[in-house]
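Let me give you the structure first, and then I'll get to my questions.
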């Protein structure tokens, strides 16, 4: 099994799985509905015959779909799926020889279905080793997550300065308008920071304001007339021209080892754990927290706004799921929160049930997409979702959950799944089946949240691949 | 009088009243304005002559209006009135042999004037005796009001279940995402539940998510690929196909007496009155509360968000007005709240002053509509409104008031009406009349909020019908 | 110098300054960018040569711009600047012989860039001496600032009345829906009141509801049918017609000295300083507060929502800047708040750096406009801004800051300016210059917030006008 689980074969299986998954339930086929209704209305049929009848309907539907090339479900999954964002949905706002900042398009511009999170924006900063990222302030509240590397982040507060050394797993809040600069203090490793921004001025739009700088990044001081600057700073124009004319290498520049050492040597902020429960503003390390879910199939780390002042006014939870290779998370749904997920490492896929994209009211469209590093996907409140890691690598996903206060995660499989909570009679009435048959389905899985994934389970149970023919 | 107050005659009077009401003040007539200005500018006229002159202007205007068929005021009242919703403004989301769910269109889609309540939706559930309403969760906060019948409502909380027996007058809060199912536990009476929903994800839109079920209601489990489901639930596909293939009778189904007994026999939630003032989540019965207004002309029951945690985060007041036949409520206005009213029983009409629909700035358009069971009408903040019951039946109106915190009701007639509060000099300056004449008008009615209605008063005072010529 | 600072010459200089300011940095010129890039890439150049090269690029660009008539920057500053509002952006809602109410257009209608403040509206009331402003309620929360004159304001609360004598500098809150009337109690001086409104019903729109009145202002009672009014008020139609037919002089009318005396003689509200820190609702006088910034160049008075309950739910700060003639305020920026400024007295100009209006991403457009009485200008969060008074008069500016909670003002010049807070190495990396050169610029000005303005400084330093050639 260990052998089978490695190299080309699993990858192949994985691709196959994906294709068959997309073909599994061609729901929007009107012929299929009709066909099944006939099976149901056929009075002479017993239960077993009825089921066979329906299954043959599905076979036929599947054939029809394959003949017609890519069926409509496939096209949803690939092209009309507004919940998935890839490279082409990012725009470069900063690009220098030493790094870049990529900003994800406005969610609401992509689809009205995402207008609930329209005032959150996502950005990714990459910076080479030993670089300096120029001071700027933003007309947005910011939360940064250090996905990779080691940085020193300095904020200018009113009349003082705070610096923090941060590393992989650290979350740090930058209040709107705060001047901030940072360094990648590592000599070898690139720095990756994922930012979520909540604009405070023009809803859904934010801007960076560089004060220090010259031509590139252009300093906003240069937008004032020389006369006003001369008076305000009490210096002559020639001096001003010089100071605002030198920088032209952009907002991410190489820094000497000495400067890096100087800028990273001391943390000057308040201690990370504030002694009297007061206003801690330092970073939170997600990985130093006890995982809220943990078994051999995965781990979930969560920073909740009820526990962390820095996330409270944004009503934002930051979490990180590390799904073991060959395993999966969910299906489950969030009761109130909409979850924005960023794939940090690994690959896999996700599936989600969406009533909005369904062509017929009262049914659910499967939304799915392949996941790989850098892909962003969104699961709105109420939508059942499952995330599956590939056989090859752990799938690591950073999540921002908007509307976190009062949110609950309702499991749809495993321990505590909602169907298990129904009364016996409710199960019978809801499923139109004896309750023991319902329980046979919903009480079998005894893990919680993280489960063995499709392929792995197949191998464990040795059911010979039939499920993936 | 008792005799007169019954049968055809009052009905006829009622209709007449309605027509004359609609004709009373043809305000948007530019000719009328001109004519009255002439009366005013005629210097030789004394006060009495001026009034006579104006009255004759109004007569002429009325004639003009009648010649031209339905005047523009009439057409507002009937067709262009965005504040009134009838059958055609509801959409069926669920329809089975045993019941249905009707959802009112989005308020903001009807008119930009209602965009202040655009994130509230209204729905009405009807279910036959002894029926089961399938488990579902919603991407919306819900408040239910039992308008008729007796139900048992069960919610799945995290790792436990709560059931409540509810009846006429009960208000119950269902947090967003909570799986909920219910039964009509009455053997004979239909169940009517009015729902107000506040979507949490896509603003102004909500969806129902049925997990339990099969083909109809379709289970959202079916949107996942069989492979993912097999792995998550640890069962084989054939079993899955069976459990998610049986239910095809829809989300409202007949239930046996035994199942109804089993599902209704015990309340399993926390007590309704929580002993330590803590987080009570049980139902509130509106009719067990002391009425906030009460006299022989009507009664008003209110559940305020300041008193009930369940309504606090929605900033929603639920109230119920029972207006005695032949009586009326108001005129009054809400200072901050916008009131969504649903007629539960009886008939009558309402009148409202609206500056938005007026064709000339600085004046007010009369908005009015006949009321009968199922009609929904909206009175935005600040808008003076009166609701009048017919001579035949009490008019019973369920109200949801959005933006309830800090709201005051300002009476425009009877005890404590705003004009009575003005200083003597303010009355004189505002009305351009001696204050005793102003007081003669505003101090005569000594009832509060509920008053004898138009016809009734006429009979009581024996003023011979002149007012309704 | 005293001589020079007076009369035509400074005015001329002022105009010239304005024109050159507008021409100072023709940033959107693509030729200029190219030209400067060449200077930078010229390897044989030393620092000084490079600067000379760039300067000659700028000269050429300036010439190109002058040839082409009004350059595009000029047109921004004058015509396409969505941050400045003058007479033509106000609409008259009330206009009588004795006064008027002017309402500023909806901010968001002017520009999407202002949609963050779209639910605030601004209005200005002017009333002649000894006048009465009729009772009305609004579907909006109101904050009034008495910019000039002496008034008595009366509000009708539930079942009682509150009156306050107010004067220049008083801020008073009127809750939504509260009936309010007022008098100009001064015999000689006009009353000017600036209102900021936050609509509670239709977002961005508000209406006045006049109950007392007749034809002009029309009473909203007249929108009801006579039958309903007769029943509600328990009076006959003839009486109603009389009481609602007399007033025709509009909502601002002359009042006799006796009535003014009667209406102004007593304050009936709670004391202004509430003894137990409770719910004070009386006026706040801005000028009785200790100025938060004060030197010979100006004074700043602030009423913060954290200190004043009346401003808390609106999250609104009210402030007033009195900039000494020939002086300036800023440059600085607000971290979260968007500032709406109304020029109350004097003249001058403002400059602001805006990334939104810039034609190329990553640079800042100078936004500027001449200021005089009645001009309104908006500085969104994050935008660096400076306000400069003319040589002739103090510039007095009333400001409403929306989103005030958690806002900080970050100075860009003088004491505590952000650049001074950077570490030495950060200054060097950001400006690409030795830190002592950076400090020479940013440590020279030792005043805070208010500084000597452009012309004044020139004279003081006797630098011979070269800067304003």
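A, B and C label the chains in the order they appear, each numbered from 1.
We take it that a contact is a pair of C-beta atoms (placed from the backbone, for glycine too) under 8 Å apart; a residue touches a chain by one contact, two chains touch by 3 or more.
Chain-to-protein mapping (UniProt): A, B, C = Cupin type-1 domain-containing protein.
Everything quoted here is computed from the prediction, not taken from an experiment.
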Legend entry - Distance in touch steps, counted as few as possible, from subunit A out to subunit C: 1
Inset, instruction - Check the residue numbers that subunit B and subunit C use where they touch, and answer same if over half are used by both copies, otherwise different. - result: different
Legend entry - Centroid distance [mean C-alpha coordinates] between subunit C and subunit B, Å: 41
Inset, instruction - Specify, in ascending order, the residues of subunit A that touch 2 or more different other chains. - result: none
Legend entry - Residues of subunit C defined as touching subunit A within the complex: 17, 20-21, 24-25, 27, 36, 40, 51, 54-55, 112-116, 328, 330-331, 333-336, 338, 351-356, 361-366, 368, 380-384, 386, 388, 403, 406-408, 410, 412-414, 416, 418-419, 421-433, 437-438, 440-442, 444-445, 451-454, 456-458, 463, 467-468
Legend entry - Footprint of subunit B on subunit C - complex, ascending: 93-94, 132, 134-135, 137-139, 154, 156, 158-161, 175-179, 181, 200-203, 205, 207-209, 211-218, 220-228, 230-237, 239-243, 245-249, 253, 255, 259, 262-263, 313
